[in-house]
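Right after this note come the structures.
Here subunit A shows up in two complexes: once beside subunit B, once beside subunit C.
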Partner chain A sequence: MKLQNFRRPRRHRQFHGTGSMDYYAAQSELRNWNGSYKVIAACMVLLLCLILNQLEISVTVIVSMGIVNIWGNQVSFRDYAGFLKIPMAFLLLGSGVIAFGISKYPLGDFRISLHWRYLCISDEGIRQALELFFKSMGAVSTMYFLALSTPAGELAGILRKAHVPKVVVELMHMIYRFIFILTKVQGNMKAAAVSRLGYVDFKTSCRSFGQTGGNLFLLSLRKANTYYDAMVSRGYEGELVFWEEEKPVKLWQVGILAMYAAGLVFLYFWVK
Partner chain B sequence: MKNQQKKRFVLVIAVFAAFAIAPAANAMHIMEGYLPIRFCIAWGVICVPFLIMGFFSIRNKLQENPKNITILAMSGAFIFVISSLKIPSVTGSCSHMTGTGLGAILFGPGAVSILGVIVLIFQAILLAHGGLTSLGANTFSMAVAGPFLSYGIYKLCRKCRVNRRVSVFLAAAFGDLFTYCVTSIQLAVAYPSENGGILASAGKFLTVFAPTQLPLAVVEGLLTMIIMITLENYARSELKNVGYLEN
Partner chain C sequence: MESNTEEILRTERLTYEYQPGSPALRELSISISQGEKIAVMGSNGAGKSTFFLNLNGVLLPTEGTIFYRGKRIGKKDLNDLRKHVGFVFQDADNQIIASSVQAEVAFGPVNLKLPKGEIEKRVTRALEYMDLLEYRERPPHYLSGGEKKRVSIADIIAMKPEVILFDEPTAALDPLSGDMLEEVLDKLSGEGKTLLISTHDVDFAYRWAQRILVFDKGGLIADSNTLEVFRQEEVLKRAHLKKPQMLTVYETLLRKNLIRPDSYPRQAKELAETLM
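And now, the complex of A and B:
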């Protein structure tokens, strides 16, 4: 049997919630790249996208980051489309507000009379809203590049290198682990409540949700004590040390980033 | 109306009609890339003093008792989980709690500011709610302004001998409302409208988000109240450890 023919089993089901982005980050082809490099790359593209602020640049970033996320980070197309839908609601509302204006006088290129005020839309407003929408989607795609290639635990390690206070980094490490424990516990509690008709109507749902929340808090505090004892019995003396893999940055990776950034800047001046 | 203009007009209406069917998911986190760079930096700088205060509050808690580290971490994880859950809603849209009121009442606004930043980073990375460049603005509205107001209202109500449950409800509901107002103002300052400036723009943002946020504030208040009742019934000793039942 040839080993290289072996492929990682892929999940076909579309899945949501806390674990899904973390799952992709852990299985990404880019997970062996240097973490700090990925953070710097993402920040650089983010800044370029925001500062250059041009429709063509935003679309380029959306497309290129989409390709990186689907090929590099091995995200299925369907799931990626699902991820892109998350910010839609906010962006459509937010950019819509910028496109429309309300005024006492009939301004803008078209207007709808609301009898006491005019709802005006101008070409300029629509253009600004479209630009903002695409710029934001570009930035979101770039954030997905980071989120889908770097597990959050590794990010905490990078923050430690950036001299964020030790207590905060330790809290991050622990919160990251506890999030998954609590999500699981909450899921079990909710399943138990649903199977007993706890979410049958609005009033009951509110009560079940609140009681589940209260129980979750109680349980989390009890677990916290147990975890502290477990940590002390393993030699915790006020400092958590995590094992980190060394992932050296390769020259060609820096090259790709430099070329990409230069390409964006070049595009900016070319279109302008 | 020119033909091209007509087409554009229909397009805009179509986009909004499509939105009317789509559920509004966690609308009050400012998304990645939405704010211009100078506003991202400005809001970040405004948060710094609060974060320093929070840092010292957490350090004092740890010096008091090193055991508090797991309790704090669990509290952070709890805030994250509570704010990532879909809450029961009347309109059928999917919405989330902010959890700021609950956190502020339980742990005090200082500690919540640091926990809030960590939770916001994880929300961006794990759930794609909010973002990295908008972290400063989101921190100010959700981890500083909301919790401080909630805590203030809670303390004030207790001083005036208002029933504990009513105080919890008011603190959580107004904390949520305030978060929504602050976010709308942040958006308006970044994008003032052509005629009328920041105020008109703030009005527009407030109106657009009101249909989801106003019922949500009431629901958040109710849920926080139920959570607190459950805790008072079953977790008195734990609440004393956190410092809630001292007053």
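And now, the complex of A and C:
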């Protein structure tokens, strides 16, 4: 379901505001697909991408997941590029290192002499680094597919079905809900501090930030109490159960997944 | 207030202490009949919310008893009270717990251990009632304040309680949401629900309520029909309440012989009709 009347001012991307991953998950076109199906699909593609371990496969996964995220999950291209930027920076640094080697002898296809050691790069090293980089990016895009199509609350429900301990699932629900309440409160407190010049310079900022944090802690204790009252008032008896909508898996959805997986395997043998 | 309908809730010398020695509620004996529209008034900290939490079975009275339909509510019957008496909290953000509107509204029915089909029916009906159907799948943190309030009311409607307690529902609502709230209240009393609303808005109380309870420092200082309460200057002064605008207007017009005596209009429309 697309939420047309979501107010969505074009603002700087925030963690919990509009344009956040949670926001996209809530308005994704794929939101009404069965949650377990999405988890299984994501895991399957992830495994194929890792096991088949081939540059062409990885690129195919990155591109296809990108298409799914932008068309299916309705993520704007700009925001999606933003989401990819963070892991990309890490992976570039991480896999870049693999291409290089340090040796006493002039090995590899290219080398730079550093007095008594050589910094060498081989064709194979570059290939390996590239493969690793694209493979990881493929894995990241697949996980983004899951995160951008399935809200955290639903994910918790799937974990419950997968027999993850109740405490963990209940905590997940509560934390998810509280993140938004506390960030809102924190935002208000910060605004109040800013309006009284609480952030004029570094020293004041540190102090204001600390005080806001302390207040937030006390406030969350109090809020937890009212929350508990509200839950008890609606018949909570020690077990937090949420109603989940049934979203049956459709045959054509399974078909798409099977075809996609078969396509990847076929590509693997064809390239090989 | 004399009434020939059935008594639904009664408190006998209800006392509640958060800390020993400083009672938040002092020996309240109140009888509430089915279908009544009651406004609970009093300054902040007078004990309105504590009274509601007791009526709802969240807090256990320190002393005194609560009767629901003549049945004495002991420690083990608190869930009965929670089932039949619904409580709409003042701040919707303190009440909303699930991560989608429909899961939120279903929270109460799920706890009532209702069958799945029934839950679904009740959720749909409650959402329809509060005009929230199109918000069904949205996460509550992307809703506006008025929408959240509507969700918190739908939460309670889905549990189908006979008595509904509203803790300052008109606070922090824009005029449009306020109007909508009053419509919903009318609809609910039309269905025979018993409503108790705590409020600081004297004009709203005068317009809406049949009966008013005035609290002061945990004690009950007035309990009678709306008009009588607002004509007791002493009570109004003690509870720091103002006289409703409409009543002041009426009294002024009466002094000048411009309005029919004993008409006591509650709304602008009625006022226009009773002018001479």
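General observations
One rule holds in what follows: the second predicted complex is superposed on the first by the 225 of 272 C-alpha atoms of A that agree within 3 Å, B and C clash if a C-alpha of one lies under 4 Å from a C-alpha of the other, contacts with A are read in each partner's own complex, and residues count from 1 in each chain.
In this section, a residue touches a chain if its C-beta (ideal position, glycine included) is under 8 Å from a C-beta of that chain, and two chains touch if they have at least 3 such contacts.
Here the structure is a predicted model, which is why all the values come from computation and not from measurement.
Contacts of A:Val63 after superposition on the shared chain: neither subunit B nor subunit C is touched.
Of the two partner chains, subunit C is the only one that A:Trp243 touches; subunit B does not reach it.
Contacts of A:Ala162 after superposition: neither subunit B nor subunit C is touched. When the two structures are aligned on the shared chain, A:Leu171 is found in touch with subunit B, with no touch to subunit C.
When the two structures are aligned on the shared chain, A:Val271 is found in touch with neither subunit B nor subunit C. Within the superposed three-chain model, A:Gly214 lies in touch with subunit B and out of touch with subunit C [touch as defined at top].
With both complexes superposed, B is the one of subunit B and subunit C in contact with more subunit A residues. Once chain A of one complex is fitted onto chain A of the other, the partner contacts of A:Ile181 extend to both subunit B and subunit C.
Of the two partner chains, neither subunit B nor subunit C is touched by A:Ile256.
Shared-chain residue A:Ala191: touches no atom of subunit B or subunit C. Overlap of the subunit B and subunit C interfaces on subunit A: residues 18, 22, 152, 174, 176, 181, 223, 227, 231.
Taken together, the subunit A residues at the contact with subunit C in this complex read 1, 3, 6, 16, 18, 22-23, 26, 31, 151-154, 173-174, 176-177, 180-181, 184, 223, 226-227, 229-237, 241-245. The touching residues of subunit A, counted against subunit B in their complex, run 17-18, 21-22, 42-43, 46-47, 49-51, 53, 83, 86-94, 96-103, 107, 109-110, 121-126, 132, 135-140, 142-144, 146-147, 152, 155, 165, 167-168, 170-172, 174-176, 178-179, 181-183, 186, 199, 202, 205-207, 209-211, 213-218, 220-225, 227-228, 231, 238. Taken together, the subunit C residues at the contact with subunit A in this complex read 53, 56-58, 79, 82-83, 86-87, 89, 91, 93-100, 102-103, 106-112, 119, 123, 137-139, 141-142, 155-156, 159.
The part of subunit B that touches subunit A in the complex is made up of residues 1, 5, 8-9, 12, 15-16, 19, 22-27, 29-34, 36-37, 55, 58-59, 62, 66-67, 69-78, 80-82, 84-85, 87-88, 90, 114-115, 118-119, 121-122, 124-129, 131-133, 187, 191, 193-196, 200-201, 203-205, 208-209, 219, 222-231, 234-235, 238, 241-242.
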